[in-house]
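Below is one structure, written out as structure tokens; the observations come after it.
Chain IDs A, B, C and D follow the sequence of writing; residue 1 opens each chain.
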Amino acid sequence: MTESKDEQSGESSKNSSSKYMKIPIEVKARPYLILAPSLIVTIGILYPFVLAIIYSLTNYSFRSQTYHFIGLQNWVDMFSKREFWHAALVTSEYALASTGSELILGLGIALLLNRDSWYTRVLRVLLIFPLMVAPVIAVLIWQLMTNNAVGILEKLLNLFGLFNFPWASSAKTALFTAVVIDFWVYCPFVIILARAGLQSLPKSPFEAAKIDGGSAWFTFKTITLPMLKPILYIAVIFRLMASLQEFTIIYGLTKGGPGNTLMNLSITAYNTGFAFMRFGKSLPYILFLWLLIYIISQRLVKNWLAVQKAASGY
Amino acid sequence: MKAQYSRGVLGVSRSLLLAIYSLFALFPLIWMIIISFKSDAEMFTTTFIFHPTLSNYYSVLVGTDYLKRFLDNLIVSVGAVIVSVIVGVPGAYALARYNFKGRESLAFTILSFKFAPEILVILPLFMIYQKLHLYDTYLGLIWVYQLITLPLLIWVLRGYFEDISLEIEQAAQLEGYGWFHVFQKILLPLIMPGLVSAGLLAFIFAWNSFTFSLLLSGFKIQTVTVASLRYVASDTVHYGYMAVAAAIATLPEIILALLIQKHLVRGLSFGAVKG
Amino acid sequence: MAHIEICNVKKKFKKTIAIDDISLDIKDNEFFVLFGPAGAGKTTTLNIIAGIAFPDQGYVKIDGKIVNLLEPAKRNVSMVFENYALYPHLTVYDNIASPMRSPTFKKDEAYIKQEIERVTAILGISKLLDRLPKQLSNGQKQRVALGRCLVRKPNVFLMDEPLAHLDAKLRHFMRAELKEMQSNFNTTTIYVTHDYMEALSLGDRIGILNNGKIEQIGVGDDIFYRPANEFIAKMMGEPEINILEIELVQEAAKFGLRIFNMDKVFELPRDVEAAFRRKVPNDVDMGIRANDIEISISKKSDEYIHGTVYSIEPIGNKSVLIIAVNDIQIRTIVPNDFSAELDSDIYMKINYKNAIYFDRNTKAFIFRHENEDLSEKVI
Amino acid sequence: MAELILDHLCKMYDSEKKKGDKAEIAVNDLNLKCKDGEFIGILGPSGCGKTTTLRMIAGLEEITSGGIFIGERKINNVEPKDRNVGLAFEDYALYPPLTVYDNIAFNMRARKINDVDIKREISRIAPLMKIEKLLQKRPAELSGGQKQRVNIARAIIRKPKLLLLDEPLSHLDGKMRQVLRTEIKRLHNEIKCTTIIVTHDQLEAMSLADRIAIMNNGKLQQFGTPLEIYESPQNEFVAGFIGEPPMNLNRVTVIKLGDSLQFAFEDSQVRIAVPAKYNDVLKNGMVVKMGIRPTDFIINNPNGKGGTEVKVAVFENLGEEKRISIRIGEEYLTIVTADEKRYHPGDMIKIEVKDDRAHIFDISTGERLSLKN
């Protein structure tokens, strides 16, 4: 499909020196002209990335105007610090807990929604709403829910004999609270994707299974799940990448507290860079996170291709 | 009989599970609305039965600069989407139709903006913006918002362009239409539904963005997402104000979401899933 | 109206060679059919003439002028695409009007209206003008695509499998319609198909493509009766021609043939025998069409070959009887009231006069008996 | 193996979307009796109810009314898996993530049969369908023809009483279709299982089935052997549906010329003599649908009674067979001939109907007009 056009511009020119074989310059240049604006924007966006890498090798700080290269000092400092390892741990805990819960429950709910009746039709629309709420607003909404004075959840828990559940204010429950909010916002994302996946599955293999007599679980395990994998993979890629670098929810909820409980890499980098004004020192944290995300995403994308092949039966 | 019975149990438990999740997903929004209509006096004493009042709305909308923030958010988000459309439509076309060197790397670079940690961009940009006087300006925010809106538009639209069969374009060329005419008369109308929905979704993402505007603006220009945080931070917490701020920030998106339902899957997955 | 030439054109996509050194000379006003299996390079050849694809080597000439890199819009060619390529957002009227509204071929709206009325009347789609393509059946879409092509006066009509997606009945009628219309085209037409009936029916001449190469160019009778190789023979006709290995035996200075390792040596038609004598071939295959085999339930003479009924499939006014001889299946035709148990004994007699002989190693045509009355009529 | 009886079978879909509309009748009072071991074809255009019928037999579609019996047993309310039918789906419906082996084993795995038995059964079936070499491949690696073989293998592995084939050849290309058609015929001869094939392709039904049930708009049109259906179609629909090229069906008026009756075509001067056998049924001025198969014409018959002179509009040389089209108003009258003569547009030829093989149908009901005996 997409191949045939380039042939006008690409290969044909080199094979013959005849004047009839030269492709007019305006035809040749067309793709690049069309692409030019996005190229410019892309380069404009890439520039700060490059700058970030360079500055991570300096002692740049907002306090002083001058700076000089200090090699890998910032990186060495970071790896030797406890706060880094703590941040890495928080980052992974948060990412795994939120992505995991969203994936499993999201798939489950998508399966529940995959029947046609009036209430599933209504719910399919309504359940999108949390996803549309800005994460920071979601934090606000959940503060209204969890607040011990006005929150309804306190009243609900009182019924079960639980009083003053600490939510975000205790180190024990802060991560849980943050993950609940993340789950609340992003579970619909997985639901929407998983349901689209379920809808796109061919119907006839399931009819064949009916005649073949597989139980619901047997059919789900051997056919549905493998066929759904590519889409679940996409959901995981998107969710994992985003939750690894989650800043908004944690910042909005506790700014990383209580204490350093929720200090993940993003928050730590923010604190070092903006709160403590140590710009050069903050960059390794976020570059490390970026590298991590980059490697994982490359892996996942590669796997995704393999999974997609397997699911469609190659 | 036994089979029927167990099927009945299954059906009931399915509905029950669904109801629990629905309550979890939707009740916070309802609660937000309820609180937004509660007076401070009734805030702590009542749950569902109270005397609704508009006083919170009045205080927030008239008493503070919240409306101005709403407008700021609108300008920045709409601006970002417009820039992305102008840049992204031709870009998506080129990525869909031409097979040039480095096509896939370019496409993936653009996609990787979506996954890049925002703080990573913000730290260097903060300094650049100070130097270029883009800090706390509409233009500065619109520029950095391209990280949010551009990958989405390019990737989604690329899919829509690829859906149009090459033969349609070729047919038009054979009929004597030049490249630009083909683009304008044939391709643009065909991708329009996709363009509108992707644009709206990009708007929602831009509208919801928090970190960029928190760190690259904040005095003259402040988005709703940033502005609403102050209702938490203030010493005497007005829960009613908080609810109003949240409700007003959320309303436009929910309306937009209803409009683009059909295209949502495709947009959310950046074109990977054709819902 | 134009004279289309393609000289030694080559075209590669990535690593696959789509067309490999093709030369065609299509005369003004000729209806030329490009015939071949999927992936033979038919569509690529059309695209190169249209200017949608540019050749890597060689020349494309329209009326003697080299147009290799001329953009499609400037070639004044008109094309019907296999998938119709109708504009989904335009009505039938606007689809057909589209070529007359383009900057290059602009006409005034009154003329457009008149032309559309004329063409849609011929095609029987006058009542569909307000519909969108998605509201049309395949047959209707195909007519609209044809209409969009016919409102123009181009150098050449290019038609890419225009009937491929129609059901058998509609295809039969549309083919006849097309053939009747053909005389009014007054334009060179190049028609791509993989359906041998379309090729034989419509083509003034037929060019057969396979793996990017031209296998044979000729009029229908040439290709049907004297196919250049086994591949072409197999493409022409249903049921497919039987290709059987035979053995040439020299008896009393005369060549005869043995088949299925039988003892019997069958006599060859005189001109065939003479041809073999002029140049003795190594291994010979014989192509024999289903119609040229006579069936009997008893062995009437020693010319009858024994086999068993492998399958019998009625197809209307006749039945296809497949006979198994030593694990080789031979397709034959019997009347529709013929019945036999599967695996029962059956005898067949081959009409060697209508056999086509091929070289088993190169698969190339060697000879065919010149049927007196046939050669008379094939002019 | 068993006989299959469809007894007043009906299927209605309530059209929820268009309120006020009557329920849509997909299958309307269908009665069919298939003998043990018989190969039955259900033939009709898309939307005629043939697939719905098949799906009701398989248990994938609820029955609105009527009954389905396999042998003595009424299976209306039996779960699909307990009906003991094998179904080969039109789109193959293979389980994409599973290998061919696992696809075929699915049924036995679901019934918890041990691996040794599964292996034995598969090695019994695989050579029959010529898929021994494909067992470790996945569906997407297979060609259409191979997929269909696997599909059929999966359907027959549990030795069903009834084998259902849903358009088994419709997605294959010409050559493959021919090969597999023959193989299905051979397979049926081997396993002798009552088989029902659903198809829209009359050639497929004719060549495979012992008897064909032709359906249109949910109703059975005719049930008979391929020969019966071809030679004496019960109504205009069957006449037009069976045969390639299709039967010429034209609206004609019977007129009296001298002492003989003639069919007069509308919008045309062409007349064709009414076969003598219809003299009692037809009267001057009657309007009927006349059907003549393209192969039932004789051209320029030297010993004929003269025939009708017509002008050739289109001549097509298709190799062995030649087709002549004559303009009749907007339509064509098609004639198929095998003689070697080449005609040209504008040539005048004389045609007559072979052995009086013209069919006539009632103009309003489309039913065949029978001869009074």
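The rule is short, and it goes like this: contacts are C-beta pairs under 8 Å (C-beta built on N, C-alpha and C of every residue); 3 or more make two chains touch, one makes a residue touch a chain.
Note that the coordinates shown come from a computational prediction; the quantities given were computed from them, not determined experimentally.
No other two chains have as many C-beta pairs in contact as A-B. Our note on geometry: chain C versus chain D, Cα centroid distance of 27 Å, whole angstroms. Taking the mean of the C-alpha atoms as each chain's centre, chain B and chain C sit 56 Å apart.
Each of residues 165 in chain B touches at least two other chains. Chain D has no residue in contact with two or more other chains. Looking at chain A, residues 3-4 sit in touch with two or more other chains.
An unclassified topology is adopted by the chain contact network, corresponding to no line, ring, star or complete arrangement.
All chain pairs in contact, by the document's touch criterion: A-B, A-C, A-D, B-C, C-D. Partner chain C is touched in their complex by these residues of chain B: 165, 167-168, 170-178, 181, 186, 189-190. Against chain A, the residues of chain B that register as touching in their complex are 14-15, 17-18, 21-22, 24-29, 31-32, 35, 43-44, 47, 83, 86-88, 90-91, 93-100, 106, 109-110, 112-121, 123-125, 127-128, 143, 146-147, 150, 154, 162, 165-166, 179, 204, 207-211, 214-215, 224-226, 228-229, 231-232, 239, 242-243, 245-246, 249-250, 253-254, 256-258, 261, 264-265, 268-269, 272-275. Every residue of chain A that touches chain B in the complex is listed here, in rising order: 1-6, 9-10, 30-32, 34-35, 37-42, 44-49, 51-52, 55, 105, 108-109, 112-113, 115, 119-120, 123, 125-137, 140-145, 147, 149-150, 152, 155, 184, 187-189, 192-193, 196-197, 199-200, 231, 234, 238, 241-242, 245, 247-248, 251-252, 265-266, 269-270, 273-274, 279, 282-283, 286-287, 289-290, 293-294, 297. Only residues 58-60, 80-83, 85-87, 89-98, 102, 106-107, 109-111, 138-141, 154 of chain D touch chain A when the two sit together in their complex.
On chain A, the positions that touch chain C within their shared complex are 3-4, 7-8, 11-12, 15-16, 20-24, 27.
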